[in-house]
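Both complexes shown next keep chain A, but they swap its partner, so chain B is in the first and chain C is in the second.
Moving on to the complex of A and B:
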C-alpha cells in the first residue's frame, strides 16, 4: 500500500523569466502513495494550483518549471521523470496515467462538440486499436459510474447542469483507468449540496477503482474528511504535512492552526472563529526568514531572519513534517514522509 | 425550426420595408425622370417626344400614390425594374444583369479566398503565439488600415503602363466580344488580377487579425487545457477545440462581407473602371439615373438579407447553443 505512485522532488515553478520572474512554487517535495488521497490546501496564491499544472506540464506561459523532478512510478516498469519526457511520451502519459479534473466545471467541456465526441476522442487517441462500438460502450460505462444515464452521451454541454458537467469530467478522467487523478478544486463551482454528493460518489469510486488522488482545495474542512494525508502550502512552500486526523487534532504550524480555526466544527464546544489576520504574501517581495512571520501570532526573532527547514519535529510523533521554528526538526529530513 | 421561421418572417418584413422605402424615396425628390431626360438632351426633344416619354414612364395618367405603389409591386414581381436613363431605353434589369456577373466573379471569389486564407493564417498565428508569425501582426494592421482604392491607385501607378502585363482598366480587352472562349476568359482573368490582388491584400489582413485574436482568447479557455491534458494530438486540439470555437464570431463578419459582394467594392471598381455593379452605381449617381439606382439598391438590400439568412443557418449548424430544442 505504501509504494509511491508519484514523487515530487524540489519542484520550482516561476512565472516569467529573468529579473522579473516570480517564484510561485519553491522546492516542493511531496510523495503520493498508491491508492491514497493527498490533500493540498492553502490560501489563494499559495501555489497549489501552479504546483498541479507544473507537475502535469500544463502550465500556460509565462509559467516555467525551473527545477526539480516529478517521478512517476508505473504499476509495472521503471520510474520515469515526467519533466524529462519527449512530447510524444508526454502525450501517451497524459490521461492514461494521470488524469485531471479542473476547477471550472462550467468551462471544461468544449461547447460545440457533443459529450460523446469529447469522451471518444480520448479513447481514439490512446487506444487506436479499439473499435467504435467498444469505445462507445466504454464511454457509456463511465457515465453510468458517475450516475449519468447513458442516453445523455449525445447531449451537448449546454444541455447539462453544472453538477452533471462536473460528473462528466470525472467520468472522462476515469476513462483510461489512470493511476492518479489530480483534482484542482473540482467542486468549487458547485453549490454545497452538489459538492457533498459528488465528493461522496468520488470517495466510493476511489475505493472501487483504487486510484490515487491529489486533491487541491482551499477548503481544509473538506480535506480533513476526504483525504488520508494533508499538505499545507504557504507562499509557494509546503509548511506542514501530516495524516489528516492528526493534523486536525493537533496542528503544529501556526498557519495550519489559523486555517483550522477559519471554519466551525459541527460537534464539540463552541469556539470563536478567528481566521488569519493580514493577507497572503506578495510573491515578488517575500518576507525574509519564514514567509508567515508577519502574520504569525507566535513569531520569534529567528523567524524574521532564518527560513525554517521542513522536517520531522523533535517534539512530536513521527510521520509528519513541519517547517516552523516553534517545532525545530529532529534531524534534517530528506524524505518528506517515511 | 421555429427559430428559422421566425428569422424568415423577419427577413420578409425587412425586404418589404426596403422595397417600400425604395419606392417612396425617389418620389420625395423634386422633379421627375422625364424632366431629367429633357435636361439631358438639352432641349433637343420635340414636344411629341416629351409626351411619349411621359406615356412611356407611366406619368401621363393621374394615379394615386397607392395606385402607383401597387403598380410598382406588380412590376417588381414581373422582374421589371424600369428603364435606365443613362442607357435609355435599356431596361434596368438588363444593365444590372450585365454588370452583376463581373462583380460577383471578382469580389465573390476574392472574398472567399481572402476569408479562407486570412482565417487559416490567423489560426496559425494565434496558435503559435510568440513565434516569428507574430512579426506579421504590424504588417497586417498596416495593410488592414489602408483603403482599397489607395492600394489600387498605387498598384496602377507602379505596375501598369505601356508594355506591362497588367492592364490598368476595364474588365477585358476592348474589341473582344464577351463569350465563353479561352481568349475572352484569359483576357478577363488578366484584367481581374490587379483589382483582385488589391482587394485580397487589404481585406485579408482583417481576417488574420480577428482570427488570431479569437484564437488567443480561446486558447486560454479551460477546455483547451483539458484537451491538452487528455493527451490529444496538437493538431486535433488546435483545429477541433481552438479553431472550431474561435471561428464562430468570424462567421457573422463573413456573412456580412458576402452581402457586400454584390454592392461591390465600389471604389476599387471605380479606380480600375471595372464593369461591375459598383462602377455602374457610380455612373448612375453621376447621371441621376434614379431607376438604375433603385434597381441596384434593391439588389444590394436583398443580397445583404440573403447573406444574413445564410449566416443564421451557418450559426445553427456550427454552434449547438443556438439550437434551442433537441
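Moving on to the complex of A and C:
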C-alpha cells in the first residue's frame, strides 16, 4: 500500500456542550492510503456518519469536534490539519481535494435546476479561470465516465431514474479529480442490481483515477466484497480494523463476529443464525468498560470495568487492530501500516 | 400447485389478482380517449398456508407491497379474487372489514411510524384487544392478556414495557410491540411488509427468528415481503419472485435461491452482496443487457416484461407472454419464461443449467 492520504488521530466529536454533551465519536484513529477503499461499518448510532462529517468539518450544530487531528496529505506539498484550516483553505480543500457523496444522494440534487447548471456551478466556483466551453466539456466527460450519455447533461433531475441520479452525484464528486471520496451509504436506496452496477463502475473508476474512498455503510457483507480494509465502529469507537478478507475469515472482536453472523448467506449450508442479543447502546448512558460487554457472549470481569485499548493483538498478524480483552495487545499501537 | 396440498392448509389465496392505478391524463390522451394506468400488479397468484412463510421478493416498484394491500383488503383488485379458506371475500368497510382484519393482520416496515408516539405500549395493545374482542372480561383478564402478548414477543418482564412510550424503546423492541399488536387480534394470517429492513442489522435476525417461532407455534400463515433474497432463503419456506408487476418465478426457497431458473432471478441472486466473492471490481455475475432499470409500468413491454434486459432473449419473448412453466428440477418450481417451454424443439438447450 502506498503513502497515506488522510490520517485521523484521536478524533472526538460531541453533540451539545457542557454537561449534557453526548460523545458520538471517541478517540478514533484511522489511516486511509492512496487508492485504497476503507470501509467503515457499524449500526445506526455507532458514529460512522458523524465521523465522516466531523473530518470534513461539515458537521451541523450541535455537533462539535472536541479533539484530535485530521491530517491531509496533498499529492505535492506539506501535510495539513483539516481541523485547523481557515475558511478560505477549507473552501479550496472541499470538493477539489475531498468530495462527499451523501446519504440519499439521489435526493440531494436541486430539482429546479438542470444537471448541467449544477455541474457547471461547481466548476465555475473552483476553476474560475476555465472557459465556458472547457467547463461543459469536462461536465460531459465525467457524465460519460459514470455511464450517462452526454446528451442528458441538460436534463432535470426528475427526468432521470434513481440510479442515474445516483450516478450524477458520483460524477459531481469526481468533477474536480479529488484525492479522497467519502461515500455515506451511497447505494442504500437502490435495488441490488443497480447497486452492484454502480459499485462495479466505481471500482473501475478508482483503479483508473486512483482516488481513495471512505465507504460508510451498515451492510458489512457489501463492504467485505468492495473494500480493501474495514474498520468496525461500535458506540463511537473503532473496535476492530483489518484487511477485508482477513476480517471476514477470522473476526477477532465478538461484535464483528456477531455482525458477520447477522447476514443470512445466499450460498452454502443453511444455518440458524442468532444475530446479536440486546440492542445498540444509548450514547447518553454508555456502559462502563467495553461498550459491547452487555451484549457480548464472552464477557469477562475485566470487560465491565476497564476499556480495552485498540492495538495489535499479540496472537495475530500485523496490519490489524482490535479492542477486546480476549485478544490482549502486543503493544499499544495508535495506527496501522500494512 | 394448490391441488397437491391438503385443502385445509391453504388459508389465504390471491387468485390471479390484477391492480391498475389510473394516472392523470394529459390533453393528448383526453383527445384520444385513452385511460392510461399503472400496471402495478398483473395476474399474480399467491397462496399462504398454515404454519408456513411465503416470501415475496422483488425490487422497489415491482408491486410486492400492492399484493399485500390487496390481500389485506385495503384496496380492491381490478380483477381476480381474494379467497379466505376458499371463500371469495370482498369487503370494503364496516363490520365485514373488521371481521376480516381480525383474521388477517398486517405488520408495517417502519416501527417508528406505526406506533403513536403519544401513547404507551399498554394503550396500543389494549386497543387492539378491545377492537378485536379478545380483551377478556374485566381488568384482571385484560392484564393477563397483555402479559401474554408481551411474553409471546419476548418482551419480558412485561411490566417493564407496558407503560413505556415508543421513544423509550429501541427499534427492535418497537417492532416487537407492533407484532404483539397484530397478534392481539389472534389472527390466522400475518402480512409482514419488509418487517426488518428499518431495523439495525444486529437485531434483524432476532425479529425474524421470533416471527419464525410464532409461525410454527401459533400455526400462522405468513407473507414476508422483502427485497433481500438472502433473507427469504433463510426465513421463508416458499419464495415468489416479482418483476415489474408480474410474478416470474416461484417454488421452495432453497430451490429458487440455489437454482434460480428465470433470468431475472439469476440476475437478482448474482447481484446480491456475497462476501465469498472478494475481488473488489467484481463484474456482475450475470450480464444485464439493459441499464439496470425496470420498465415503465404505464406502458410495460409486450410479451415478457423482462425481455428488454434479458441476456437469453428470444424473438417470441417480445410478443408472447410466457405462462408459468415447470422448470422440472423440483416439484412446484416454476418460472414464467419461454426457456422452459418443453414443446418447441431446440430452444431449451442448456436452459436448466447455471446457478446464476
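Assume the second predicted complex is superposed on the first by the 328 of 338 C-alpha atoms of A that agree within 3 Å, B and C clash if a C-alpha of one lies under 4 Å from a C-alpha of the other, contacts with A are read in each partner's own complex, and residues count from 1 in each chain.
The definition used in the following text is that a residue touches a chain if its C-beta (ideal position, glycine included) is under 8 Å from a C-beta of that chain, and two chains touch if they have at least 3 such contacts.
Quick caveat: nothing in here was measured; it's all calculated off a predicted structure.
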Handout entry: chain C versus chain B on the shared chain A, clash or fit after superposition
Key = fit
Practice task
Please indicate which partner A:104 is in contact with in the superposed arrangement: first for chain B, second for chain C, both, or neither.
Solution key: first
Problem - Per-residue touch tally on chain A - higher for chain B or for chain C - result: C
Problem - Partner chain in contact with A:94 - chain B first, chain C second, else both or neither - result: first
Problem - Included angle at chain A between vectors to chain C and chain B, based on C-alpha centres and rounded to the nearest 10 degrees - result: 70
Practice task
Answer with first, second, both or neither: which of chain B and chain C does A:27 touch in the superposed model?
Solution key: neither
Problem - chain C versus chain B - closest C-alpha approach in the superposed model, Å - result: 6
Fill in the blank from the handout: chain B partner, complex, touching residues on chain A are 56, 58, 60-61, 90-96, 99-100, 102-104, 107-114, 121-122, 125-126, 156, 158, 169, 172
Exercise for the section: Mind listing the chain A positions that touch chain C in their complex? Expected result: 37, 43-44, 147, 161, 163, 191-197, 200, 203-204, 207, 218-222, 224-226, 228, 244-245, 248, 258-268, 270, 272-277, 279-280
Problem - Touch list for chain C against partner chain A, complex - result: 59-60, 170-173, 200-206, 209, 227, 229-231, 233-235, 254, 257-258, 267-284, 288, 291-293
Problem - Residue ranges of chain B in contact with chain A within the complex - result: 130, 220-223, 225-233, 236, 240-241, 244-245, 248, 318-321
